[in-house]
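Labels run A, B, C and D following the written order; every chain starts at residue 1.
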């Protein structure tokens, strides 16, 4: 059994990680760390886990585990790693954006299995991708792998409210967000860094821009991205390239129709559809932002790092409705 | 023109009041008071009012107005009234629960037009009813008027999130409230006081209980109440009693089918339906919690106090969908 | 492995059953019957199952299976059973209301595990309870078991739209139902028969009424019920009675706080809370209408019938948000 | 008073038109035509109008009116006009797309007041713009007016479910659409014709493409569009151009921040924001799809045709929440 520790255990991604790990047959949860909730039952915060998990949050750190997941939020992971003497045999999976860019990766491998499968298998430290970054990369990377990106890529992606975490804010207030739509950080979202880095990894020298408009949706879970760019390659050939790129992927499915977002809610799947309109290729892509976009992908990475089948513990019942 | 001042101008009920008053042909908004937002444009807080209202919030009080609406929240109205020297010619309409109960009314008339029409017309000070209290009383009062209440009254009423105001809380967080249902303050909601007081006003000595379970709904606006009690009177006769009771009411309609809540959203209406099941009478009742349940009823009261038709400025376009 | 056949495979409860069974370690899906969709891939109807299930719907019946689930809808099960020569070694789990009442049970055992555990273990044919009936019985039965029901029981329960199935109707149209609340079948819902039958099973001679108002909620999944009645027993003693009644139940949890509905969405759990207010006992109860209220409970019954642990294949990742 | 007749009176746009006209001080509703609902009270279909309107639908046509609104749906308007002998003094406002394109306009003026103000004032027949077309044109036209469009324009716009009308369909089923996102008719939506026509009217010879992805949102009312294109003009100068273009517009407001969609729900407003990012200009635009996107704009056109102030009857109370 893999002994697991979780840092930042009271937040949304930690909750989702726990929901997955309580059903994972190869892991034991050794501790769930939270300063603010130390001493409280874990299911007093993640209330839907009542009956599924016993034990309390702790503020004591212990490193006699096999892997720790850091769910503390952006900026906190690096300071946690640097201020603690984590033994080298403890693998680390970090869900923040602190180590995603190569310039500051400090040995962390970027944990997108569909891009870096072999490197993940042998990694000790994983920088787990961002949610938007996952949905968007999985839509673009097959084009980059073929060297087919020639012009700007246009991305519009809408996300559920859980992407913003549990801290109350004006834009997470129910009376405001219900039935509302708005955009934020147009063309400047922080995930663009990792998206561009992965594109360059596959198509070195691509000089175009990824023009990305993030949208706040009036739902809790899911990301739906529509992505298009100039492309003169035949539709058949493009679709074949996507199927080839994902032929060994366990959780990416290339459909022959455009998906709707709820097909993936509460699963680790990414559904992709590719269609040509004249010289434009349109790719739609959707994921559950907290699963394939965060904690599910983190478990997928853990499985790979420990030599398990990628799907162990990740065959989640989809919501359906 | 009626010169209007608004106290507590940045909250939800003040916003809804402003949305109504900007279209009211007989009022001028003299000032909108807010300590926290003084100096900011009114439409910087109530953003949908852009293009409809100019002017800023002020922290200066002035009493050269005809009426002030106090929208400061429960507990604040009394201290406002007591600490300010409001000239006696200035009428007051208070939207809080500070003056609703006769024991502490200090001359405020309970402003439910369907109950206290004549008293409102000559009142100088109005205690505007609560939202749940309005929906529930309008369902019960015709029975009390006939002296037909004999046993406990059972009430289940579900409210939109705006009833909880704009302060962020765990139960107003979108990620929690979306698609969720919960109850609170079962059998002990603060509106029971005014409900029971009005029942006693019409049926002195009624000894039963109003057993009320408030429900948090996953929508922003509206209240839907189902109310039932023992009643041996014929259905026909009961329905006739309701129609008689509301024959002069401008905003209560007794339907021959059970309403759905959205029929009243963004209106000042209350829709009522009465049906018998054996010896049980079931009444359904719905209102917009911020309009007939707060700011619309406040304007209705203002109209009455100033000798206007009740409907002036209150023929609002319903949302429909 | 248990060989499973599904009748009426294109509907909502069949879809939910498939979502569960694809992750169940002890079952093989032998066939999914649907006349209307024969020849189409199963994941062309239950689209979220893409990647999880291969195979097509069939209109051919075969009875070389161990169990069939009938998901055809009320009224269709009896005609299916009567017009087909189902071998006696094939167990039947019927999700309709055709066999729930003892007068017409024809050997079907009412499949509420918390009530009829031992009978289910040896049954060949199960009448799976209704969704409202499950949530409401689990709230009431511990009182009946003690003989503590003395007066009417008051029930208000709100359900998600999936309870109405996939046929389009005025009340399932998004533009109508979004942000809307309404009631239907007040005091006359078809589940009252099975609720009363189970109460009589535990407290023979109870002469009160279950007064039940069903509410249409603006969400897709879940039921939240609030239930109260007269009860002079001490709160402590009542709570203890509930805990005793459910001490061996695998999926009912008696909490020390009132649950919110989303705690159970996408799980087989029922969460219960009991509190006294004077001489009134209030019980809140919530389930996922399609899981504990239908297909999850059906699998729980199957597990019991085949000697498996009740929880096999039912430790579903809850939605959380 | 303007005597009004409505054709196709039972649909969504007719309902919204009635909600506006019952509060319009200068109109009398002479008849509401509906074949399917002839003889039924108007408020039996548009149920929120109970108390606001008396009278029944009729299947009798009468042309002793000043104006008729045709709300019959695309394809039906032309056949209605051609098969009825409408007297020439009766003005026509058609809400379908049958007469929007100049090639088949047959004398109908394209009724976008911000584009064709003077022509509308003297028109006898108006082709009322489409909902998406309104939101998108109001975002683009100021650039075209300056001749600043040089490359493709990228548009993503999300719409509420009422845009699809009241006929039940798979994508209007609550259980499917709630919390869901999907796209349709990518790059080929039927409103592109009128959008391109208006661009050419202002910037003859523009050779770029409007690349438009329509999105189905999980809300009932509203459209939110994000629109961007290459533009090397200074942000200040661009914003000034928008303010100049809309300086006389009654219902378009150029904001200095990006709007959220609910700011305009239940109003006739269009809110616009313009910002530069490098050499890209981003315009956000939002409307209520049934008001400024349909029936409100139709009334605005009627006001212009009859010499009234544009705002008569259109100062609607916004929803707010």
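Basically, contacts are C-beta pairs under 8 Å (C-beta built on N, C-alpha and C of every residue); 3 or more make two chains touch, one makes a residue touch a chain.
None of the values given here were measured: they were computed from a predicted structure.
> What is the chain whose Cα centre is as far as it gets from that of chain D?
C
> Which pair wins on C-beta contacts, A-C or A-B?
Answer to which pair has more contacts is A-C.
> In angstrom, rounded to a whole number, how far apart do the mean CA points of chain A and chain D lie?
39
> Which integer distance in Å separates the CA centroid of chain A from that of chain B?
Computed value for the inter-centroid distance: 46 Å.
> Using mean CA coordinates as chain centres, what's the gap between chain A and chain C in Å?
The computed centroid separation for chain A versus chain C comes out at 34 Å.
> At least two partner chains per residue is the criterion; list those residues in chain A.
12, 160-162, 175-176, 178-179, 218-221, 259-260, 262, 265, 321
> Within the complex, which stretch of chain D touches chain C?
On the chain D side, the touching residues are 12, 160-162, 164, 166, 168-169, 172-175, 177-179, 218-220.
> In their complex, what parts of chain A are in touch with chain C?
Residues 12, 15-16, 19-20, 22-23, 46-52, 160-162, 178-179, 220-221, 251, 253, 255, 259-260, 262-267, 269, 271, 290, 315-321.
> Could you list, by residue number, the parts of chain D that touch chain A in their complex?
The contact residues of chain D facing chain A are 154, 156, 158, 175-176, 178-184, 186-188, 211, 213, 215, 217-222, 224, 226, 228, 258-262, 265, 275, 277-278, 280, 282, 284, 286, 321.
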